[in-house]
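Both complexes below contain chain A, partnered by chain B and then by chain C.
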Partner chain A sequence: MAMLHWVADPQWVIPNIIAPFIFTTVALTLFKDSTGPFGLYAVLGGGMMGMWGNTLYSSGYAIEFEKWQGTLEEVLVAPSKLLHVIAGRAVSNAVFGLTNMVAVLLVAAFAFRVSLGIADLFLFTVSLILTLLSVSALGLIFASAFVLSRSAQALTNGLETPLYIVSGSMFPIALLPFWVHPVAYVLGPTWGVDAIRLATSSDYASQTFWVGMNVNVAIILDLTVMLIITLAYAVIAAVLFKVVEKRARIKGTLVEA
Partner chain B sequence: MVESASQKVSASGKAIVAEHLCKIFNVTKGMLRRNKTEVVAVKDVSFEVDYGELFGLVGPNGAGKTTTIKMLTTMLIPTSGKAIVLGLDNQRDVTEIRERIGIVLGGERGLYTRVSAIDNLRYFADLYGVPPSVRDRRVKELLEFMGLWDRARDRVETYSKGMKQRLHLARGLINDPELIFLDEPTIGLDPEIAIETRKMIKELVEKGKTILLTTHYMFEADELCKRVAVIRNGEIVALDTPSGLKRYVMDTSVVEVEGFGITEKEVARFKELAGVLSVSADLGENKQVLKIQTPKGSEIISEVQEILRNSRIYDIKIKEPTLEDAYLRLVTG
Partner chain C sequence: MNRLRIFLSSAVFSFRAQFSWLNPSMWLTMKFVLSLSQMAFFVFVGLFIKGPDAIPFIAVGNALQSLSWNTVFSVINITGHDKWDGTLQLVLATPASRLPLFIGRAMIHVLDGLLSVAISFFFAAFIFGVNFGQTNALALTVAVVLTSFTMSGFGLLIGGFSFHFRNPLVFANIFTFILLIFCGINFPVQDLPPQIQPASYIFPLTYGVTAARNAIAGATLIDISPILGQQLAVGLVSIMLGYFFFQAFERSARKSGKIEEL
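Right, the complex of A and B next:
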C-alpha cells in the first residue's frame, strides 16, 4: 500500500534515483584514475544506499506514514501482526531500491565507461536477493524501536549513513578503524556485499574476507554467514515487536488520545 | 449484498461485557526536569451489550468514550478491569477478537488517499485475512452497497466527505464482522449524508450485526439506540433506554430562551437560581440560545425577564424534555 502511495507521489524519485546517482557519479569522478575495483565500490555503494535507505525509510517511516494518513489505528487493530505489515513494506521497499542499482549501473556503464561484466550472473542474482532480505530483516529490528518512539524519522536519518560505511559497500572495511570491524561483521549486508562483489568481478578476490579460497566457495560461505545472521535478526525482530507492541498498547503511544 | 454474520454466542450470552475498565496514562512533561503526571482517561466503566443490539455511548469530549472503545477493540490494554468481547478475553485473545470485529473511527483520515477505493478495500481485506476467492467479490458488494462502485477506481482524495465516510463504513465491514464499533460516524457530515449513514446503520442491525456507537448527537442516539450509556469523567453515570433516560428529567421542563446580547455573566446568574437544574448556552454572534432545565416550568419566566432585562429576548418556549436534556442534566449536574 505504501508502495502504491509512494509511486503516486513523484517525490520518490529523489531518494531512489537521484541521491544514489549523485553518490555514484561523485565516486566515479573522484576515483576514475584509481586502480583496483573502484567501480565495484562506487556502483555497489550507490546500490546499497538505495536499498538501505528504502528499507530504513520504509521501516521507520512506516509508522509515521500511517500516522499522517490517519490509518495507524486501523492497521494496528487488524488481525495481521504489525511485524508482518512492516516486514512486507521493508521487503517491497528494499526490492524497489533495486531501481537505484539499475540507475547507477547505467551511469557507470554509459557515462563513465566502467566495465562491469558480471562474472557469475546466477550467484550475483542470488547474492543480491539474499542481501535484500538481510537488509529488510535488519530494518525490522530498527522498526521495533520506531514502534515505541514518536521520533522515528529523526532516528531513521541518523542510522542511514553508518550502515553504508560500516557494511563495506562504499570502501573496504580494512580502511576503517579496527574497533569498527566487529560491528561490520555482525551486519548481514556486509557478507552479502562481499558475495556480490565476488560474483561480479575476480578483481575483488584479493580483498574478500576469504582470501585464497575458491571464489564460489567464498561466495557460499558469505551467503551462509549472512543467512545465519539474517535468521537471528528475524528472531530478534519477532521478539522485539511482540514486546514493544504490548508496551505501546499499554502506554498508548500508537493511538491518538 | 453483505452476508449475514454467524454469531458465536459467548458463555454469558453477551456480545460485550466490560467490567470496571480503567485506563490511566502516565504523561511526562518537561525537558530538563521531567514531571510525571497521571491522566485518568477512564475511571470505572462497566456495561454489557446484547447480541444484535445497537448500543449507544454518549458523553462530552474527554469523557472517555473513545478510550473505552479502544480498550474494547484491543488498541489499548486497560490499566485494570476486564473486557470480554464476543466471548473472548480482550487481553488474551487479541487476534481472534480482531478477526471478528469491525471498527469505524470515521473522519476524513483513516484512508489511503492517493490510491483508489478498490485498492484501499483490497489492502484491508488482506490485512483481515479475507480469502482471495472472496475478497474481490466482497469489495465489489460493499462498494455497491455504499453507492461507490462507479467511483471505485478513483483516488480517495477526489471523494467528498460523505463518500469518504461511506468508504470508512465499507472498510469497517470488509471482514463481515459480527460486532462493529462506530465512533461518531456522522460527525461533520451534511444532514442528508448523515441521514443516509444512519439508515445504513439501521440496515446493519437488521442484518444481525451488533453495534456499539458513540455520538455527540442525542437525537441520533434517541433514533438509533436500544440503550444508551452516558459517560462523564471516565465513569458511566446512567445506562438505560432513551425513554428511561428521559425519565431523569420528567419532573422538569426545558425553558428555551432565544435572544440577543446575552452574556456569560447572565448565564452564570441563571445557574445560581434556586430550582435551576442545568443551563446550556449557545452564545453565537447573531443569536444566543439558552436552555434552562427546571421543575418550575413557566414560573421561571419572570426571573428570566429580570435577569435578561438588558438583553433583547426574541422568544421563550417551554418544552418537554428530550434525551439531550436528560444528557445535559447527567453530564453537568
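Right, the complex of A and C next:
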C-alpha cells in the first residue's frame, strides 16, 4: 500500500529525500579539492541519510495518513496487527529511501567525477539489506511513539539531522564529543554503514571500528552487532505497539489525537 | 487605517495558524534543535574535510540560514495550510485589500526568524567557539533584520507561485534546502560551477550572509551598505512577483472554480 501511495502521489517523495540529497551535494562540494576517502563518506553517507530520512518521515506519517484518508478505524478493527501493517510500510519506505543513493551516485559520478567501485559486491548487498531492515525496525519504534504525539511532523523534522550526526553518516564518529558515542553505538545503522563502507573500499579499513582486523571479519562483526540491536528494536516496537493500541482503544483518542 | 488592521490581523493569524499542528513547547524545542543540529552537521562535515579553520565560516552561514525555516518554509506553508484547512475560500471571498493581506502573512515570521538567528549565534559562539569579538553590532543587526525581511519576501514569492500547485509543501522543502547550496552558507559561492553561480544572486540570503560575515569581521554599516542595497532590491522584487502570482491565482481560481484542487 505504501508503494501504491508513492506511485499515486509521487510528489511526496521530494520532502523525504530533499534534505539528504542537498546535504550530500554540499558535502561533495566541500570535498571537491580534497584528497582522502571523503567521496566514500559523502556518497554512501548520502544513501544512508536517504534511508534514514524516508523511514523517519514515513514513520511520523504512518498513522497520520490513515487519519487523513479516514481509514484508521478500518485498519484498527481488521484482524491484522497494526504492527504488521506499519512494519510493511517501514520496509517499503526504507527501500524507497534508496532512490536518494541512486541520485547521489549520479550526481557524484557526473557532476563531481567521484568514481566508486565496490570491492565486495556480495557483502555490500548483504550489508545494505540488513541495514535497511535495521533502519525499518527503528522506524517502528518511532512510529509507535509518534502515535502518542500531536507533533509527529515536528518530531520528524527535529530528529532527522540529529540522527544523521549521531550515526556518523558523513564523518567519523570519533569527531563527535565523547558523550555522544554511546548513543551512536545503540543505533543499528551506525554499524551498518561501517560494514557498507568496508565492503566498498579497503581505503576505509583504517577508520573502521575494528581497525587491524581482517576486512571480512570486521564486516561480519559489524553485521552481528547490528542484528542484535535490530532484534532489540523489534521487541521494543512490538511491546510499544501493544501498549499504544490498547491505550488508544481504551481512551478512544487515536483518531482525534 | 483599515489596511493596517488587515496587515496586522493577517500577520497574527498566519502565525497562530501553525499552532494547529505544532504545540508551543514543541515549537520552542524545534527552534533550538533544528538550529543546533543543522549547524553541528555541517560544522562536523567541514571539520572532517577542511579542518578547524572552516568552522566559523560554516557556523555563521548556518546561523543565518536558520531563519529560512521561518521566512521561507513557514511562509510557503501558509498557502498549503489555507488549502488543507479549507480557509482559502474565505480568504478569497473577503473584500479585504489584497496587498496588506498578502504581505501581512509573512511579517510575524520575520520576527520569528530573528529569534532563530539569535539562538544560532549563541550556539556558534558558545558551542563552536566562533569569535564575535570584532563584530560591529549595528551592522550585524541591520544585516540580520534585512535578511529576515527580504527572505520573507522570497518566501512570499514562492508561496504565491505555489498557490498554482496542489502541494506547496514540496516547494517549501525544495526552496528551504537549496539555499544551502546556492547562498554561500557552507562554502563560498565561487566554489560552485561558474555556470550556476549567477543563480546565487536571486536569493536575498546570499547578500545577507556576506554582509553578516563582514559585520562580524568588523565592517561598518557604511561598508556593507552596497550589499544591503542589492539585497533590499532583490527582496522587493520578490514580494512584487509573489503578489503578482497571488493575484493571478485568485483570478484563475475564480474563473475555473478550482480553488483547493489546483
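Here is the rule we go by: the second predicted complex is superposed on the first by the 247 of 257 C-alpha atoms of A that agree within 3 Å, B and C clash if a C-alpha of one lies under 4 Å from a C-alpha of the other, contacts with A are read in each partner's own complex, and residues count from 1 in each chain.
Keep this in mind: a contact is a pair of C-beta atoms (placed from the backbone, for glycine too) under 8 Å apart; a residue touches a chain by one contact, two chains touch by 3 or more.
Computed from a predicted model, the values in this text were never measured in an experiment.
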Partner chain(s) touched by A:77 [first = chain B, second = chain C, both, neither]:
first
Which of the two partners, first being chain B and second being chain C, lies in contact with A:249: first, second, both, or neither?
first
Of the two partners chain B and chain C, indicate the one touching more residues belonging to chain A.
C
Touching A:69, do we find chain B (first), chain C (second), both, or neither?
first
Scan A:85 for contacts with chain B and chain C and give back first, second, both or neither.
first
Just to be sure I read the superposition right, which of the two partners does A:165 touch: chain B = first, chain C = second, or both, or neither?
second
Would you pull the chain C residues touching chain A in the complex into a rising list?
21-23, 26-27, 29-30, 33-34, 37-38, 40-42, 44-50, 54, 166-167, 169-170, 173-174, 177-178, 180-181, 185-187, 191-193
What residues on chain A touch chain B, complex-wise?
1, 4-5, 8-9, 69-71, 73-80, 85, 246, 249-252, 254-255, 257
Interfacial residue positions of chain A with respect to chain C in the complex
11-12, 14-15, 18-19, 22-23, 25-27, 29-32, 34, 38, 41, 111, 150-151, 153-155, 157-158, 161-162, 164-165, 170-172, 175-176
Spell out the residues on chain B that touch chain A in their complex, using ranges where they run on.
23, 25-26, 41, 67, 70, 73-77, 95, 98-99, 103, 105, 107-115, 119, 123-124, 126-129, 155, 171
